[in-house]
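Sharing a structure here in structure tokens format.
Letters A, B, C and D mark the chains as written, and numbering starts fresh at 1 in each.
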Amino acid sequence: MEGKKKYNIAIVGASGYTGSELARILVQHQKVEIKMITSETHTGKPFSELHPQFLGILDLPLESAEEVSKNQLDVVFLALPHGVSMEYIKKWKDKKAMMIDLSGDYRLSGPDVYKNWYKQDHVFPEAFDRAIYGLPELHENRIRGAQLVANPGCYPTASILSLAPLFKDQLIKEGSVVIDAKSGTSGAGVKASNTTHFSNVNDNFKAYGLRIHRHTIEIEEQLGNLQKEKAKIQFTPHLLPVDRGILATSYAQVNEEMSQKKLDEIYGEFYKGKPFVRLRSSIPALKDVRGSNYCDIMPIWDERTQRVIVLSVIDNLVKGAAGQAVHNMNLMLGIPQETGLLQSPMQP
Amino acid sequence: MEGKKKYNIAIVGASGYTGSELARILVQHQKVEIKMITSETHTGKPFSELHPQFLGILDLPLESAEEVSKNQLDVVFLALPHGVSMEYIKKWKDKKAMMIDLSGDYRLSGPDVYKNWYKQDHVFPEAFDRAIYGLPELHENRIRGAQLVANPGCYPTASILSLAPLFKDQLIKEGSVVIDAKSGTSGAGVKASNTTHFSNVNDNFKAYGLRIHRHTIEIEEQLGNLQKEKAKIQFTPHLLPVDRGILATSYAQVNEEMSQKKLDEIYGEFYKGKPFVRLRSSIPALKDVRGSNYCDIMPIWDERTQRVIVLSVIDNLVKGAAGQAVHNMNLMLGIPQETGLLQSPMQP
Amino acid sequence: MEGKKKYNIAIVGASGYTGSELARILVQHQKVEIKMITSETHTGKPFSELHPQFLGILDLPLESAEEVSKNQLDVVFLALPHGVSMEYIKKWKDKKAMMIDLSGDYRLSGPDVYKNWYKQDHVFPEAFDRAIYGLPELHENRIRGAQLVANPGCYPTASILSLAPLFKDQLIKEGSVVIDAKSGTSGAGVKASNTTHFSNVNDNFKAYGLRIHRHTIEIEEQLGNLQKEKAKIQFTPHLLPVDRGILATSYAQVNEEMSQKKLDEIYGEFYKGKPFVRLRSSIPALKDVRGSNYCDIMPIWDERTQRVIVLSVIDNLVKGAAGQAVHNMNLMLGIPQETGLLQSPMQP
Amino acid sequence: MEGKKKYNIAIVGASGYTGSELARILVQHQKVEIKMITSETHTGKPFSELHPQFLGILDLPLESAEEVSKNQLDVVFLALPHGVSMEYIKKWKDKKAMMIDLSGDYRLSGPDVYKNWYKQDHVFPEAFDRAIYGLPELHENRIRGAQLVANPGCYPTASILSLAPLFKDQLIKEGSVVIDAKSGTSGAGVKASNTTHFSNVNDNFKAYGLRIHRHTIEIEEQLGNLQKEKAKIQFTPHLLPVDRGILATSYAQVNEEMSQKKLDEIYGEFYKGKPFVRLRSSIPALKDVRGSNYCDIMPIWDERTQRVIVLSVIDNLVKGAAGQAVHNMNLMLGIPQETGLLQSPMQP
């Protein structure tokens, strides 16, 4: 029976937060079955040994990524570091499975830009042509037909969605955009480091990656495409003493008369029918979306300073990674886009 | 069609954490429909105005509890402070709906014990006889036939489950039990107070309620019933700088020879077939169960000191409140007990 | 003997964080003696009953502020809410003691601006003329001769210091300044409220006071004075899940050619000989200054975007309140300005 | 002039938290001068490059520990891991400087016990005879005459002080003691690891080191000495999501009649004249002592369960490490014991 058909899924890369978050979402997704999860360093162990929260829920033994070739798979999620992902995409280039890459390897426009910002050569530039940037609110139709999707970065998701309606309408005054973004530490990954050492983060706060963070160019390219003219934005990330969540506070000057009413109309129009963007009239907080696939956005017109301020919040592991990847999968498979993604945010 | 039948549900008391947590679980529960949510202070407002995380998910306008009498309801959840709950249970005593009381009003054995520990008279003692203590791992059969369930306290849930197998087998040396429990602040409720003021909790830690915490008697009565002899336990709660979760570290001396192997068998036997208790062989942490209905338990035999140590963790708002209430509802309605309760823990 | 002379000090307003922080600093200050501390609601109680950390250190019984008139005092600190402070300054207008007001009552240029931003009438505008804005890095000489000092707000301290050198040199491109500031919750005061309820802050983050925060005008007036032309800045505060600390991330475009070297020279020149400003070449974090009177500043030139970014961090209760007040006192009394203010930051 | 004499000090081991905490305390200590700080991995760098909070305060270049032999030093602090410390104590055995060892190498009674619990051979057992256990509340006189002091562990400091009065009076019922202790993460050191990875600690809580933690034997030996009979205690540490602080909740049954009054007298008597122990009549919290050398203790008699509960809190880096080491130094040098240790706790 059609309704009972389940798609076979693989998660490549089990140890990181995007891997475990994909598992958290997909074990409850009624249209898929997790066929395999891979880890090169923990091969043979049950997934739940790595992530004890899954005890009794997902005890599948971890396999090597080499096994992917031997399985009939409908969708492969690559939850791998950039630079590693492209190696597998090259290796599996003739495989039929749809691929969703959660790394940064195919988010930019081509190998030169990639090299400039990621400081390494791209080993499989051929795939850039068919890789679709997987931000459903911008590219839904192209994603539906895609075989390879580059899942957006977490900061770009929050940042692009916060300003897309204005760029789309070519309302942005050149050079005026400042995006001051703040992220929880899960964005820095599962691996212990000085950056994520508890006492360096707890009760603390700092900026990082000033001027040169890789997500800058990803934001600039996408927003530039929207306004059909190159964009230059000022992007500054900060590290919050929280687990999950990104708040982007975006500032822009506009090139025509503006009001709160007009601003609300522009955003309302742009996001009509988009199930995971919620326009807010009260100030959004990280926990309003935590654990969910929502992006809450509040655009504000400051008459006194003649500037637009936009607040946008996401859960970096869900809308900023695993949830958006599942959203992309749903579109690629042609099933209802909300499937498996309707859990309510967890607050407190 | 039988499979499509949905039960009509009311949540009485919308503003607290148990109210919003019931909503979080029930909006995804396939066998129920939330017909009404009540709040006396916010009547008329959408539920999502009080709890913005529910925007677009549950925008139901809040009603007065007075409206409960006018509706056809299958189950009523009372998410109210103790002392208030019993007033409504009295008022609705002829109503047909099943009632699940999340307050402490019917957890104890009778009005005298209630008065001793809650320092107030009980206004409707008649219902004690039919109120079933809703800890499914102990009283599953009685809950199945109940019309009124007293949902256990959060500390008692973690504490009783950690020692029940030993009390059941009458293995506990009298007077030897110490339960040192630590809870996140959501247990203290949604209302702002000095106790929950951020700078009094953050980067801080302290004990409270020493010697006289109400949950002491609840634990003693339940464990005493199990061993068919009164129990006296030392119970000390502490306030953790975390949102959710209880860890109970329980210590006991036993009255016959013990070993790790024997201990594991006792616990394995007792919890066989209980879907929400997971016996652990690695040390459980709060986040291993956060957002879920699991109680993870690790019993340890310390040969050197001849003492049993049991670690048990729950999410105080789920297994310690709303999740357990839904578990009780499932049993009362005769539907599969796991229904709507299988979300994976959220880590990080 | 001259060296032994101690000045008599009163702290008016014991219950708040600025009151207890003044006590923490002043009990170790070798040139002063705390003669009295006042609280209208806790009169008679030892100070250490309100703040148990002072047990055995400062057990002085709290007095009513009415007693201030009866004592020989050299310096009176007013650690009171705005609107209350001015009442006392009016009442004590003929008292000889130097006064340091930690509220916002005399920080602005006059009663009209005050009314506009604080939404209430000023009851004692006469004192505006003699009130000196107590930011020692800008107004050291005027503070030395002052009898009444308006201690700066916490955000303005971090914000003004971050941009003062550029405004002083009239380098700022009009309308280009965005100050995105983030503060710990102690800035919201000691009183329990929804805003500071643990579970609303912990693992969470949000903006507040957009467009209309009172500190906006305080920053604009001070920076405007420096460049001898009105300034308009975009100021957005955010609430961090930390106890103490403000990070201001300031963005500005400049009206002449700039380089990192030139920027460093401008800041180096401006802050030469200022003991509590530390120019940083590594990214400053809140904990680098926690518990201390330092303001760490890092100016960055972004060649790509042609924009200056300045990071500045302070402890809002020390450099942003009590420490700066003591600094002002030292200047007013003519004793070495660092006296009592050299404790090292506490990290972790 | 005698009063002006400053003692020359070295801190061996600059990178850890005990090293930086020693620096924080000693830069303000009027009787000492920090002559050298060592680090084998960062030799040549300024101390403030490792710990930016000391910029402008302590910029001393780091030296190799080999240089210690070449300097005239009065006191050497060894802020090193166990196993490393004893190597240096062996190497410097003929050096005249007083030595204070902050590792565990000389805290136990001898090399066999050491090997049993630290799982390694002791390389310089000869020094056990002259090493004094540096808990001033117990061994003040012996510390005054010592050349080598073994600075107590953090958990033992909080634990021993909480029960010493009862053991001293031989009041403890054998086998009845349970110490349930909770520590901030700085106790786990400065080095990044899974244990201290932010998202593994934040909003989380767990036990560790059950049954076998090394501090168990240290507590047992010291308490056993006090009652002149071997002691066996149940000790369980837990990891708190806070930077600093230990709370030990200790439970004991007693072998004679007890009352709150009697208990208070026993503790009052024992701690009379001890400047850093504060007996509390309100429940102590970690922040009541944070950043300070105080140990706050509250003994409670539970009439209902006939059990003593003792709450004790310390800052693990101060009273549990660097502060206590400086206290020991003061005693060894014969200067007033409070010197340099009177900073007030930092709250919030």
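Keep this in mind: a contact is a pair of C-beta atoms (placed from the backbone, for glycine too) under 8 Å apart; a residue touches a chain by one contact, two chains touch by 3 or more.
To keep track of the chains, here are their UniProt names: A, B, C, D = N-acetyl-gamma-glutamyl-phosphate reductase.
Keep in mind that this is a model prediction, so the values were computed, not measured.
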Task: Chain pair with more C-beta contacts, A-C versus A-B - done: A-C
Task: Relative to chain B, chain with the most remote C-alpha centre - done: C
Open item on the list: Between chain A and chain C, what distance separates the C-alpha centroids? Give it in angstrom.
Closed with: 40
TODO: Just give me the whole-number Å value for how far the CA centre of chain B lies from that of chain C.
DONE: 46
Task: Computed distance of Cα centres, chain B from chain A, in Å - done: 36
Open item on the list: Two-or-more-chain contact residues of chain D, please, as numbers and ranges.
Closed with: 17, 186, 199, 202-203, 241-244, 284-285, 287, 290, 347-348
TODO: Provide the residue numbers of chain A that touch chain D in the complex, in ascending order.
DONE: 17, 185-186, 190-194, 196-199, 201-203, 241-243
Open item on the list: Which residues of chain B touch chain A once you look at their complex with the stated criterion?
Closed with: 17, 20, 23-24, 27-28, 51-58, 186, 202-203, 243-244, 278, 280, 282, 284-285, 287-292, 296, 342-348
Task: Sites on chain C touched by chain A in the complex - done: 175, 178, 180, 182, 184, 199-200, 202-208, 210-211, 232-234, 236, 238, 240-245, 247, 249, 251, 283-287, 290, 300, 302, 304-307, 309, 311, 347-348
